[in-house]
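Note that the chains take the letters A, B, C and D in the order they are written out, and that residue 1 is the start of every chain.
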Amino acid sequence: MIRFYLLAMGVFLTLGLIPKSHRLMNALAAGNAFFHLALTCAALLTLELPVRYGPTLYLDHLNLYVELITAVGFCAAAFYAKGYTESLMEAGELDPKNLKLFYLAFNLLLVMATAALFSDNLALFWVFAELTTVCAAVLVAILSARENIDAALKYVFIVSGAMLFAFLGLIFLFTLSAQVLGEGTLSWTELMENASGFSPALLLTSFAFAFIGFGAKAGVAPFHTWLPDAYARAPSVSAILSGLMQNLGIYGILRMYALLRVSEAASQASFILIAAGLFSIALAAFSMFQQRNLKRLIAFSSVEHMGLLLVGIGVGTSLALFWALFYMLVHVLVKEALLFAAGILHRQYRSNMREDMRDVFKLQPRAAWTLILGSVAIVGMPPFPLFPAKFFILLESAEISSYLTLAVLLLLILAAASFANFLLKAFSRVTAEGDGSEGGHGKETGYRKKSLQDPYVVRAGMRIPTVFMLALALLLGLWFPEPLRALLEAIVLELGYV
Amino acid sequence: MLEALAYGAVFALVSGTVLPLLYRSKNARQASFGLSLISSVLLLGFAGTVLYTGKEPSFPAFGFLPGLDFTLAADRLTAGFVLLIAAVLPGVSIYSLEYTEHAKSEARKALQAALTSLFVLAMLLVVLAGNMVGFLIFWEIMSLSSLLLVLHDYSSEENKKAGFFYFVMTNISTTFLFLGFISLYRLTGSAEFGPLEYPAGALTLPFLCLFIGFGVKAGLVPFHKWLPYAHPAAPSNISALMSGVMLKVAIYGFLRFLLAAASPELWWGVLILIAGSLSALFGVIYALKESDIKRLLAYSSIENIGIIFIGIGLYVIFRVEGLETLALMSLAGACFHAFNHALFKSLLFLCAGSVVHATGTRNIEAFGGLVKTMPATSALFLIGSVSIAALPPANGFAGELLLYQAFFQASALSANPLLTVFMVIALSSFALTGALAAALFVKLFGITCLALPRSEESRLAEEVEKPMLFGPAVPAVLCILTGIFSKQILSLAGWDIEFPDLLLLGLLLAFIYAALFLAVRAKTEIPDRISETWGCGFPALTPSTEYSSAGFSEPLVMIFKSIYRTRIVHRPEYFDGQESLFKNGHVEIRLLRFFEEYLYIPPALAIDSLSKRVAKLQNGKLDSYVLYAFLAVLTLIIATGVLV
Amino acid sequence: MNTSFLLFALLNPAFALLAAPLYMALIRKVKAYAQGRKGPKLFQVYYDLRKLMHKEAVYSPTSSWVMRLTPCLNLTALLACSLFVPLIFVPEPAGGFGNVIVFLYLLALERFFTALSGLDAGSAFGGMGSSRSMSLAAVIEPTMVVAFAALAFVLKSLNLHEMFALTAGSLLPASPTLVLVSISLFIILIVETGRLPVDNPATHLELTMINEAMILEQTGKNLALLELAHAIKQLLLMGVLINTILPIGLSAEADAGKIAVSALLFLLKAGVLAVVIGLFESALAKMRLFRLPAFYMMAFFFSALTILIEVFA
Amino acid sequence: MIEPLFLEGVIKILFVFVLISAALIISTRSLASVLTTYTVQSFLLAAVSFLLYLMEGKSELLLLAGLTLASKVLLIPHFIKRIEEKIKISRDLNFTYLEPTTSLLLSIGLILLSYAFLSRVFEAFALSKLFFFGAVIGLSLTLMGMLVMFSRRKVITKALGYLSMENGVLMFGIFVTELPFILEILIIIDLIILVLLTSILAVGLDSSIEEYRKKIRRLQVWNGGEAL
């Protein structure tokens, strides 16, 4: 079945190469994203899950949920992409010849991610995940400036290198299943059914190796290093898309952990996850503290959140898992809003550095407030929904140890302080009215006065998704939809948590 | 009916938040503050009824999060603190009608008005929240909205620092609340604030966490440093709310926990009492040396929070020792003082706001003579000063009187001699605090309002507009009324405590004063004369010969010189990196900021340098990144090998 | 409110008002004798007050209503205070009068406004006086509170009337420890009334002045009111000390004869105490301002010791 | 049928050669020789696979040998060779973190680690001593490939390091279990795409640096403040 899907999408993409106008290309990308979104929603609403089509295509709540998140992210990104790429082209940063490649990679990335999510086979998942890396790397390198290429290479080398270890893990798993079942398999479902019979030692080993690969994909420290560079160097859209791929890694880890949860190695796996999570949070928090680059700041915050997710998964209770899943969704919403706003500021100032930002409230008030509210959301303050998610994950983590909770909380203070520090310093620079001279900070940054005066005109296509994502996040914070709850509970049940 | 009052108040505040954001006009802002006024009336009705009848309203639960409903709840404790909000709110609202209009731009005016309503709303809902998660949510919104208000003038360097500091401290507070609530949740299995019938040992962790968490927010020494930074930065009406209400919300949270704990331990009380005494003492001692009017008031808030915590500490000690009457008296004292402090501190902050507005400076040394240029504000200021200096029959005295009574009767603790000795020490520090506070407010009022103006700004100061007078007049009247009717109020609130009738005393004082005044007047044969008095040989009295604020506190500074340690700071600059060619130098003698330099800055510096080191890891080189990955892989392999 | 208290409320303030200046004069007289002078007549104080009452009040143009408010307010506070300390007989307590904390804080009220009026005229002397007075008051406050707490502790009540009802009539202090408290009370008396070695009421020198500096700007009737208030304060504190250490003859009943005896006896005892104070003052030199805290510490020590002994023994 | 013991002996000899090739990749300075070494290594792998086929007679192994030969011995080296010609760099002289000698010593450590680790978790599952040893070689080859990735400067060398890692994975796969053949194909395709991508990017990065500088200046994205 996956083959059919790939075939169909292949045809679609080939067709997508025909149009010449940007509008049409963008519409196709948006259409593609909407198509996936609609399909996912339809599947969630109509199908009796889990469903299996053919030997490889497998739909259950978890992969549909992750697909839903991905598709939502892609939809918003597709909207945003038009204005953003146009502005890139106007500035001469993006070669119009590369536009086609951009949209090709854009669409392909979604297709690959979908294929990875819905394949029942771990190895297929692995392969498609690798291919998403390739597509995302192309997107990162699209400006073909040295920095972008550098960032793309880092992405490829680190993630793919780590993914090779994940493959080692898969080989172990295959051996295990061969030993128990007589014939090897890498199907999630079959593995889940038989995991209890597997040798805990080898299962743990395979988990550890798989964790290296999926962790790198998810941006878990110390495999996170590609992330800040990709975020800071790549255009915002690409950053968003590679950020979306982090969920793929988390998805893999979730599945692997679910396998282990029934075996005796569960506690060791938890230990690995929590240690890695804590390490990620700590590293990210400390890296954020003196961060002067907005996108790097956001990138490290992603690392931090991945760390928190790992803690949530590693705690291993159904409540923690429930909220960790919810966390994934909200994190994507808020992170996108932040990156969108950061992209707008980048267009305004042609820089991500906080020294270069001044008069933000005058030039880009909407983006500024989006960033402020987004930061409030991302540091886990109410009324945004990361707050209850954080609360319940930490609540469950206290079962492991109160010190763990305390450590996480203290590190989260640091992360929050970093955002506050950045925003305070970036947004408080005001040019005194009247004198346009080099008063105060103007001189040291060498920032030219001319472009300061005229605000960058934000296209509606860029503004709407920014506000929409934040508004959606806020809505989720105020009202928890019943279907979402049912969905998350179904996932928790499916993963074998009682 | 009761519920409708609460909902009405919440609704009014919500619309007060939304309105100025939707319509950027003066009318919208006025309407917003008008709505605050309305909500305060509704709350008054609500809290009064609950307090008087003891009837607890029942609010329906809203399905909010999976497995967690959102409810409001109110018992007498809640009602007491709702009453506090309702008492402070009218004055602040009226004051803000005019004060907010002084903000720099339309956008900021609108934002200030909206955030003020939001801030009040959040505080109200923290108090009314029926479970811990709701409490935390509104707690965070409260912190956030106040943070944005503190940052209203975000471009000034000082305010930025203040805002950042406030943000970090408030986060630390929330962190410990988180941990405290989480450990309670784990213990009880629910988010409710139910009775905690556990042995005290099980409650140690929650107690410590909540003590620190609420202590930070309330401004307890040594977590107090954010107050003197945040208050000067915040607009004065917000300072009034923050100091008057927000700190009390922290007290409320702490009391909620303590009252729920079925068996507190003695060391809890001792710890609280020690922290309270230290706060009170250090707060007032630092305030004496301060010359920034709002910072001085902030330190004074620390002192008063200390006094409230002394009351709470006494409550716990007496409760553990089984002295119910005394425990009740201490608790009543703490609550009553919290209420009173809300009134007089908001009064003082509002007056300070007027003074700062009229003179354009916060420096006390630049004031003087305001009693002539701003007579009404000065009169209100005097009422505030008298109240906070705990002079009878104003309300500040009533609260402290309860605590003194409890202290004096600590003889009943004779079973535990060491504890009694401890109480004596605490009592003397409490007394010292009270007297120092009186000295402090003699200084503040005397230097600010009396004698000759010490600066041109002060000489030219003009009385502020009407709303800025009527605003503080509300708490001023309440200060006197709650003082005089303290006995009646306490009995209305259901506390049956042996307490002198200040109404009688007040009437007596008024009577004697009137009689004396009339008698003297009748005897006066020669009318009063206004003339130069002997100026110690100086030809004319000039501001420079007047006693200054620093001069006034000098004797106390000498007496407490072990606390006011100074530090000499050298800041040399060199031409070269080897520091051999001296270029420029800066030497400064300043007060040793003990808590800052030994408690706050070292960890901050450590984090800073650590973060710099960590940031270097992300050096942009692929080689390093692969190396990290490689090392991580090796670690994981070894770890797995060990774990298996 | 009972008749006993009503009677007390009429008699006690009147007694205080009338008798207070006498002891100011007496102490002055004793000091004069000690210095080999004759000193003014005992009733000179009354004449002075009367003279002042008839004089006009002169205000500095700098001063404000605070200065005009203070004199009456101070006397009001002290007259109210006189309801708290039984001088001639101990009434049945009523309406919270006699509460020791209220008593202390009424004294604080008086101090607060005196200090403010000192600052009001803007002269350097007034500011200096206020500053010193408030500072020293702050330092003596713990001693005062602990001393009174010790009193309350030993006599098992918060109410001065109840306390002295316990001691009334006995020859000796109710408990030997009260002797220790008395030493503190004596020091408090010295400090609060601004006597040597703390303050020198007789001079107008910058080095020595505290209380006098604050009221330097006050004239005429206002000065008279303040002087009177000061005298009453001294008498009341003397009353507390006397009732503590030598309660003999103090009547606990509102009986005319007994009250008379009690009043006479009090006049006598107070006279003795005034002589002691005068001699004490004569024997000591003015202390440096910053050595005073050590002096106060002694009083604190005695009071704290009282409580310790009561607790441990 | 050839004597299995003899085959085992040959395979063991090949193991040694594989390790030597890995060591050469770590330490050789000339890009051309690194590429040759990689080709040889891949060939050795194909040979091992073929010998195993002779031993066990599973047709997948034969196919695998063929596939390896086609892709890794012919296609990829050819491609990289062209890239190398294009970027006109023939040497990769610089090492970061580790000099060749240290790297070699560390490699021995890695082999020991792999052995110790696998003996703890895997030995019981291996079919025979030979298979266990093959897995050890596979894992250490992977780790050594990673070592190349961070100790060599040029992107092309790094790519070869990655390829050598992949060889390790393949070897591991051969000896630990038999994967479905389709997977092997997919992985190789993935590998080829990755190599293509990185090489193209490497061209951008390693070659005409000056041109990029110009471009960057024009775009004003060069920011002095940012750590590169």
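Just so we're on the same page, a contact is a pair of C-beta atoms (placed from the backbone, for glycine too) under 8 Å apart; a residue touches a chain by one contact, two chains touch by 3 or more.
Model, not experiment: these values are computed from the prediction.
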Report back the single chain whose CA centre is most distant from the CA centre of chain B. D
Geometric centre: closest chain by C-alpha means: B
What whole-number Å value describes the gap between the mean CA coordinates of chain A and chain C? 78
Distance between chain centroids, defined by C-alpha means - chain A, chain B (Å): 42
Distance from the mean Cα position of chain D to that of chain B, given in whole angstrom: 66
Taking the mean of the CA coordinates per chain, how far is chain C from chain D in Å? 98
Mark out which residues of chain A touch at least two other chains, giving numbers and ranges. 150, 153, 157, 161, 165, 201, 204-205
Can you list the chain C residues in contact with two or more other chains? none
What are the residue numbers in chain B that touch two or more other chains? 618, 620, 622, 624-626, 629, 633, 637, 640, 644
Using the touch rule from the top of the page, what pairs of chains touch, sorted by label? A-B, A-D, B-C, B-D
Mind listing the chain D positions that touch chain B in their complex? 96-97, 113, 116-117, 120-121, 143, 146-147, 149-151, 153, 158, 227-228
So in the complex, the part of chain D that touches chain A is made up of which residues? 120-122, 125, 139, 142, 146, 149, 155, 158, 162, 165-166, 168-169, 172-173, 176-180, 183, 186-187, 190, 193-194, 197-198, 201-202, 204-205, 209, 212-213, 215-216, 218-221, 223, 225-226, 228
Within the complex, chain C is touched by chain B residues 368-369, 371-372, 382, 386, 389-392, 397, 401, 404-405, 407-409, 411, 414, 417, 420-421, 424, 427-432, 434-436, 438-439, 441-443, 445-447, 450-452, 487, 499-502, 504-505, 508-509, 512-513, 516-517, 520, 523-536, 541, 543, 545-547, 551-556, 558-559
Could you pull out which chain B residues touch chain A in their complex? 63-68, 107, 133, 136-138, 140-141, 144, 151, 154-155, 160, 163-164, 167-168, 171-172, 175, 178-179, 182-183, 185-186, 205, 607-608, 610-612, 614-615, 617-618, 620, 622, 624-626, 628-629, 631-633, 636-637, 639-640, 643-644
In the complex, the residues of chain A that touch chain B are 150, 153-154, 157-158, 161-162, 165, 200-201, 204-205, 208, 211-212, 216, 222-223, 225-226, 228-229, 265, 268, 271-272, 283, 286-291, 296, 319, 322, 361, 376, 381-383, 387-388, 391, 394-395, 398-399, 402, 405-406, 409-410, 412-414, 416-417, 420-421, 424-425, 427-430, 480, 485, 488-489
